[in-house]
Amino acid sequence: MTAPDPLSIVEALLFAAAEPLTEAAVQEVLGERGDAGTLLRELQRQYAGRGVRLECCGGRWAFRTAAELAPFLARIDRRARRLSAAALETLAIIAYRQPVTRGEIEALRGVAVGRGTLDLLVETGLVAPRGRKEVPGRPVMWVTTPRFLDHFGLASLEDLPRLEELEGASLFNPADDR
Amino acid sequence: MTAPDPLSIVEALLFAAAEPLTEAAVQEVLGERGDAGTLLRELQRQYAGRGVRLECCGGRWAFRTAAELAPFLARIDRRARRLSAAALETLAIIAYRQPVTRGEIEALRGVAVGRGTLDLLVETGLVAPRGRKEVPGRPVMWVTTPRFLDHFGLASLEDLPRLEELEGASLFNPADDR
Amino acid sequence: MEHRLSGAGERAGFVVELEGFSGPLELLLELARAQKVDLAAISILALADQYLAYLRRARELQLGLAAEYLVIAAWLLYLKSQLLLPPEKREAPDADQMARDLAERLRLLDAVRRGAKWLAERPRLGVARFPRGMPEERPLRRDGGAAATLAQLLRARARLGGCRGGELVRMPRPRLMTVEAALERLSRLLAGREWRELSALLPPDYMELLPRRSALASSFVASLELARRGEVELHQERPFAPLLIRRR
């Protein structure tokens, strides 16, 4: 048997995996056969414009179907749960202000965060507790996870539009919403 | 937006499908955009020789990682494995009486040697098959490996104490173990 | 059930659904939007009036109002009273600051809500982008070595005790027939050159299923071994027909 092409190994590895893999994990499988970073970028280049893309979210790599093909994949089981408006708003606050305590989220939303809302976000793996705030009661602080980036197709948190941008553009332009 | 490439649609569909798809199912998604059979075969051609193959099994199509890459994709479990009393006894017999067949090990231990016991010892790299005994059935003979010596800190097999020497030391009173 | 409320009178133009609000701040934000001015230039006095008017209407329609709506209402009323007084007569000297803080909070909430909307429109995984539908398990290769110590190995050796001096201990003969035994038996039983069925040469005391299978398998292997050595001939008419054996 001839030695396999290292690019094929990376391709097969990522194809087989359900969860995104870090460059380090790919390198571990490759061993001395090649440089994971170089091969991943080459593979990403080869798949650009195809029906399946190699995406890098938060430093983790995974194959995902191209977003513009979604209408043709309607028959695929849509496992993602719909997030309620409250859950999305809570998620946005965590994404923008992390690490943030539940109390801080409530202060910003002006309404209690239902136990179920945070639970749902934790269950879907989009947020996780990280550390405690050194204030009385030492409340848990919440952050977004790598899965959050994968879920929304973000390369990093830097991809989130800045709050000032969101605020700036025609905030109260009557035409722009509702 | 330009109309999506039908080949990309087929590619994404097969990638995301939870089970292999028939040509008819692919055609249904494609509609008038192309001929499923032609596109499937074209896609199969494109993936030939890559780390992932498009395979047709019983009239159903699915992507599978290339079988020959399996050894390179293996997850490696580096946890040291505890050896059972049976495995230790088997190892001791191989160490002291090598080369030795499974039948001879069984005769010495007075019980059958489970398939798993020898497999485990082979997996841990402590024993290996070496040659076959020229008796009917030509059974495999087992020996210890260099790793065996390394693992137990022995310079050579000569270093293994003889049974009489073991009996001198109360440490190795057979009653104190198990 | 849907409650639609029209903003009363002069400020008309906004239509809101109480059920659509997840809290008083959101309602305040919506009312502030109706002022159609930059949030920094928002009139807290006007906002407070609208909010209180809204709550009055909601009450008249007997809509359930959560306590937090009323808490904000009380706070707004207080803030309004302070803002109406000349600064030197206020009990809360920082009333202007409180008003600015409220405007700031509303701005931040508004921005975050737009962030949420932006997120909702992303091509989400499992909605617009899909992972591999049939992920494959990677094979497991163990490379951890053994955790045994030399002492454990030697104890195991000691336990085996009996087999000192390099002599094999013979255990009671198993009821299963070894290939060696079958070989010895076949060599002994086969005489003359007439064909005999292999199954007829099995020992009669091996009638239980398992021993009989072992006797058959071992005898078969032994017959192949004898054929290889050129001592016997084997013959079978067709698949599954009786296997015939004779000395060469």
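In this document, chain identifiers A, B and C correspond to the written order of the chains, with residue numbering beginning at 1 in each.
The rule we apply is simple: a residue touches a chain if its C-beta (ideal position, glycine included) is under 8 Å from a C-beta of that chain, and two chains touch if they have at least 3 such contacts.
As the structure is a prediction and not an experimental result, all values here were calculated from the model.
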item	value
Innermost chain by mean C-alpha position	C
Chain of greatest Cα-centre distance to chain B	A
Chain A and chain C: spacing of chain centres that average the CA atoms, whole Å	17
Approximate Å spacing (C-alpha centroids) for the pair chain A, chain B	35
Distance from the mean Cα position of chain C to that of chain B, given in whole angstrom	25
Sequence positions of chain C contacting 2 or more other chains	130-133, 136, 138
Two or more partner chains touched - positions in chain B	12, 15-18, 63, 65, 73
Residue ranges of chain A touching chain B (in the complex, touch as defined)	1, 4-5, 7-13, 15-16, 29, 33, 49-52, 63, 65-66, 68-69, 72-73, 75-77
Residue numbers on chain A that touch chain C, as the complex places them	13, 15-18, 55, 62-67, 70, 73, 76, 78-80, 83, 85-86, 88-89, 91-93, 95-96, 107-112, 150-154, 160-161, 163-164, 166-167, 171-172, 174
Chain B contact footprint on chain C (complex, rising order)	130-134, 136, 138-161, 163-164, 166, 168-171, 178-180, 183, 221-222, 225
In the complex with chain A, residue positions of chain C that touch it	22-26, 28, 32-33, 35-39, 68, 72, 105, 107-120, 122-133, 135-138
